[in-house]
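Each of the next two complexes has subunit A plus one other chain: subunit B in the first, subunit C in the second.
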Partner chain A sequence: MRKVNLTPYLLVLPTLLYLILFFAYPMVRSLSLAVSGEDEYLDILASPDAGAEVSGTLAMQVVVKIVDRVQQDEVLPNGRTRPVYWFQVQGLDINRNEVIGWANQRYLFVESRAESTEARVTSGVPVQGWTLQHIERMFNDFRFWSAIRNTLLLIVIVIPIQFVIALIMALVLQSGIKGSSLFLYIYAIPLGISDLAAGMVWYSIFTQRGFLNSFLDRLGLIDTPFIFIGNDKFGWMMLAIVLAEVWRATSIVMVIVVSGLQGIPRDYMEAGEIFGATLWQRIWHIILPILRPSLQVALILRTILAFQVFAVVVAIAGRDLIPVLANETYRWYNQGDAGFNNPNVAAAYAGLIMLISLGISLFYLRALRSQSEQAAL
Partner chain B sequence: MFVKLLRGVRIVFLTGLLLGVFVVYAQDKPAVSFQSTQFNVVEETAKIQTILEGFDGDALFVGIQEGPLIDLLRAEKEAGTGATDVAGALHGTFPVLAKDDALFNLSDLTASIDAEHDIVDSYVELGKLGTSDYQYYVPWMQATYVMAANEEALQYLPEGSDLNSLTWDQLAAWGKNMKDATGENKLGFPVAGLFHRFLEGYIYPSYTGGMVTKFRSAEAVKMFEYLRDDLWPLVNAESANYSFMNEPLLSGEVWVAFDHMARLKPAFDAMDSGDTDLKFVAFPAPSGPAGLGYMPVIAGLAIPYTAPNPDGAEALIKFMMSPETQSAVMRDLGFFPVISDVDTSNMPASVSALSGAVAATSGAKNALVSLLPIGLGERGGELNEIYRNAFTRVVINGEDIATVLQEEGDTLNTLLAETGAPCWSPDPASDGPCTVDAAS
Partner chain C sequence: MTAITQLNPEQRLAIRRWRVRRATTYLIAILLAFWILLPIWLIMTMAFSSAQDVRAYPLYFAPIPFSTETMQFFIDADGILQSTLNSLWVAVLTMVFSTLIATPAGYAISRFVFRGRDAIRLGILAVRAFPIVILAVPLAVIFINLGLYDSLFSLSLLHTALVMPSSVLVISSVFATVPYELEEAAKVFGCTPFQAFLKVIVPLVLPGVAASAIFAFVTSWNEVFAAILLTLQNRTLPAQILFSLDKSGDPFKFAGAFFMLVPSMIFMFFIRRYLFNMWGQITK
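Entry: the complex of A and B
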């Protein structure tokens, strides 16, 4: 019998555990949130005691008659006592049958606990079930399609620009011309800036009393500030967002491309030069094919990040004018003053973003296969 | 040897003395922990802490966000023991805590404060959250929304209009005059901020007389036509990005703005301190055919069952409700008293300017109070989204008004039915859940 070598598995184990705990589990939970619904029901009991037998089940918001009540006094750890009421209520249960039973005050809305003769059921015990209603709600939201359109539009515009610029930047760095290492520092500046800050920088350029308008005013080109950001300025706002995204995130692509370039053996380039290849021919026939794996990684990374674009858009265009998928997710999740406080629909959005990212990543992996990989299939 | 012994005795004595003092001190005045969603910004926290130094006891003020406060109190309730003695928050936070059955009934405390200082009756009612005899919170302080204008703008007021009783049409005419003179849209609204309150509490009631029941009435259609055709073409397009109107007022890109008092106050403060050369005036929101809709913002104080020091908590609430404290809060923090016997003279100019506008609003003959939603519980934000969506769809996206109101009205009806919320002021009281009337 061959002895199994456990070492590799042991080495992989921590990573595996980490992935399961912090990626797989939350992901499964979040996806199941998108398709699960919570219905709340209140079980009323045979006697005023939390351990008593169930005598009926009521739906939420049902109005019931109070037949009887008992008041118990609970002594709190701080020395005070608080009255706790149990109400014997009578009403129609979930199957429209007349039921009677006891419920604790915390499940009912009662106008006056001491006197009222009517109560409304306001909470109970949640029962999990599967439902497509959250996904339906997502599709029917009036912002859904424009969020999809804007997100895809940004990806289609931003990513090609970023790749062209990143490639140029990387070639400049690799060229070894004087001062090229200085460029690296300049290129790297936006990497240290958070996306929200980047958005705010570009907002302060494009806003009504911003740098751009003051500049144009100084040059005497305009008399009154030109409004770049407003409800009828979709094109200008998109331009500002594209500029901010390109400025902010191109360096990441550059870093990956530089590392790829460093892996190209000098001999290849020298051979190209000897055979009289122009710079363009060298880029097209030598550099790009060898760079393919790096480009693949960068493309996947950038596309996934582009689906999460959020802070830049919100900083420049506010919450309403340019809906994007990540912002919609937040809008549905937000528990604040203006937000749906609905994690289920938010999870549906998150799941959708994941599915699209997954699909596009697979497409990239297939479309950018190298010849040897293609031959192997 | 003797010296050493003496030193030993002295150390023991001093330690004992220190410990004794500490124990006596600790027993005498256990600290009162005060968690509040109001004044949770550093400068405000410093100011409220200074005010709390006047409290006869040790008050520990902690500024906290709404979500974490709810989570904290829920966790304390689940655990059966907690560290929070007093919770201060806006009205909208309390229904969630009430539903969890986490708060003491403060009826007696409220009655004793009311007897001494006379709290505004409608706010006491509000603090009962729809019950008749369970006081979930003691009304603590109030604020509301007003308009503010750069003095530069006043010369463009349409003829025959009075700043303290503007109509919506006059507001639009004013905006038109300013645009003709400057070439810019000088009106501004906090669309990225509390704009939903403008829709719910101001323009909707002033056109329709209600907030919910008349959601898709003919008057509501007229209101949206006004917003879309008359007002919005004159509103600064960057409003979509404004969350605090003091900033565009101070930069001069907006001359006339609507916002929460606290969010306009920094502009008035800057005028007081000389940080800006601009001069601002405050005045009530415009009136419509049905009156002058306005929405008070109420903050309250509550004691959770798990409070380790309920006696201290009651003493602290009494302190916060005393005329001296209420006056100090108004002076330093810009929230108004909810009791009647407060000395409001000697306020800084910024506070008097804003309080003048508030008095003109609540004292107007056609004033129409719109309360914050009651009974929606944790789904209050959803109501706000419905009003915002209706606005965005009609005014920004140009969708058909009747269709939008029909669809958003259906969503509103579903929300009201699911929460069972009865109608609140200014809508007439309802027996069951509030419902949106069919389109007329």
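Entry: the complex of A and C
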């Protein structure tokens, strides 16, 4: 038997360990954070006595009927006693079954201890375990659906524009014009530009006393500055964000497309030209089919990155006007005044982004593969 | 020699058509360059205008009269200098960690054929696709539990995970450009494998590895989402700017944007030749 050469494994090991520690483990931890936590439940008892048998379990904030009440003397740590009510309550438990039992007044909100016929469960005993409460909270948040909508809207608008521009850039660079390496550098500049800086750059254009208004003013088209960024300017803010995203993130698609184009043999293009194919025909019948793997990679990468759009939106529209998924993740995590300090719901958002990204990648891989298989038949 | 001045009308038409096409290509190339450069020019105009001119309306479209007042105001603003130093430190750590860890892996992937190589390559690629938002929340919680929260060091650990896939892929493609025969020849002439690597290979791959290191630096310098989640007091520059967005006026934002742009533009210039190394091999 040939001896296995261990050297490559040893060389790859640090990278693998690092990625397991700082990539795989956090991902798993993220999912577990999203579905674990403390839930509070109130156990109601068979008799008005703290040691009695449990007769049912109520969720928080459930409204129950008061069937009976007794007053007891509770002994305080200093030896004194004070009167305490126990209520016999009837209501639906966590499994929607009718239950009846006794609970101490401190777990319930009752308007008048002597007369009320209804009580609300306000506290109980925390239980550590699996829970869907964070995910429910995420879905029930009033910003959630607009965050989903805005994120998807941006993806649907931005990505096609990016691909068209990137393809044009790549074709221009491949056409053999003079100075193409200068053009390449210029087109690649945004690769190094952070989303925050890009957002602020486009903010300077769209802000009230910004460049766009100044330009329109200089042309004499407007008398007073037009407000593009504000409470009821959803369309304009989205336009600014779309432009910033196209400006900033088209370069990566361009680089991938150029790499793919370099793989196209010149003969193909020349053959197309000799047989009189128009530019459009060459793009459609020669370039795009050969570029399919590159486009697939670019599409997956851009879509997944688009789900993380964050700083551009915050820099242009502030934290509240245009909710997007990444922004909401931050809002839930944030420990400052503007945040909810709830890493679990933030993890639910992160998990959701992860699942959607994964789903979309698989969808693209399948869709694009089945096409090429059909073409092969 | 036959005179080429005698062209029939058909040939003339073809030449004219070719010229029109060439001109159109140049026009498109220049328009696209204009689209990229114009916003950069505008923000530079703002960064180098006086405070008065930044607040004026309508704005000027060139930094005339030139003034460093706005830029000075930004640099003197609370916390900017410290956060810039923090950003530099995180970026340097990220650069060092990612290069040290990724170089052996890149070498192995380009030089050895071994079982599981494709799986490892694919796995590394998958990591490239799923980073920051997903990673930042759980790592923040993990770092809090470990008492490593709000530290520049832990932020650089996250940034390293972020750039690791790109580093491995770029470095492996750089090694692939150096013929293995060179290494063998060195061994024939009496070098140990390690000496051969050090004396023959390292000088040849150094520019490419440096490019990947610079790329790691830029990625870390630009990264904002993890930075605001993982730091409270020790903010990096993007985190500091993002935190101050609500409270600060337009001059601060304009100068800040330009300040962040400059290093990335310079670095991109140095690594532009290597951009395709990263993506060329992925699509194969």
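Descriptive notes on the structure:
One rule holds for everything that comes next: the second predicted complex is superposed on the first by the 261 of 377 C-alpha atoms of A that agree within 3 Å, B and C clash if a C-alpha of one lies under 4 Å from a C-alpha of the other, contacts with A are read in each partner's own complex, and residues count from 1 in each chain.
We take it that contacts are C-beta pairs under 8 Å (C-beta built on N, C-alpha and C of every residue); 3 or more make two chains touch, one makes a residue touch a chain.
Everything numeric in this text was worked out from a predicted model, so none of it was measured.
Touch criterion not met for A:Thr131: it reaches neither subunit B nor subunit C.
In the superposition on chain A, A:Ser55 makes contact with neither subunit B nor subunit C.
The wider contact with subunit A, measured as residues touched, comes from C rather than the other of subunit B and subunit C.
Contacts of A:Asn341 after superposition on the shared chain: subunit B is touched, whereas subunit C is not. In the overlay built on the shared chain, the residue A:Gln90 is in contact with neither subunit B nor subunit C. In the superposed pair of complexes, A:Gly318 makes contact with subunit B and with subunit C alike.
Of the two partner chains, subunit B and subunit C are each touched by A:Thr207. Shared-chain residue A:Tyr185: touches subunit C; no touch with subunit B.
When both complexes are overlaid on chain A, the residue A:Arg218 reaches subunit C alone and has no touch with subunit B.
When the two structures are aligned on the shared chain, A:Ser123 is found in touch with subunit B, with no touch to subunit C.
In the superposition on chain A, subunit A positions 203, 207, 209, 225, 318-319, 335 are in contact with subunit B in one complex as well as with subunit C in the other. The touching residues of subunit A, when paired with subunit C in their complex, are 4-5, 7-12, 14-16, 18-19, 22-23, 25-27, 29-30, 33, 165, 168-169, 172, 175, 177, 180, 183-197, 200-205, 207, 209-211, 213-215, 217-218, 225, 247, 255-256, 258-260, 262-263, 293-294, 297, 300-301, 304, 307-308, 310-311, 314-315, 318-319, 325-326, 329-330, 333, 335, 343, 346-347, 349-351, 353-354, 357-358, 361. On the side of subunit B, the complex with subunit A involves touching residues 66-67, 80-81, 92, 99-101, 104, 130-134, 182-184, 191-192, 194, 196, 236-238, 240-241, 251-253, 305-310, 378-382, 384-385, 388-389, 392-393, 395-397, 417-420, 432-433. Contact residues of subunit C toward subunit A in the complex are 22, 25-26, 28-29, 32-33, 35-37, 39-40, 42-43, 46, 55, 57-59, 61, 101-102, 104-105, 107-109, 111-112, 114-115, 117, 120, 123-124, 127-142, 157-158, 160-161, 164, 168, 218, 221-225, 228-229, 232, 238, 241-242, 245-246, 250, 253-254, 256-257, 260-261, 264-265, 267-269, 272, 275-276, 278-280, 282-284. If you check the complex, the residues on subunit A that touch subunit B are 60-61, 63, 76-80, 82, 105-106, 109-116, 120, 122-123, 142, 203, 207-209, 223-225, 227, 229-233, 316-321, 331, 334-342.
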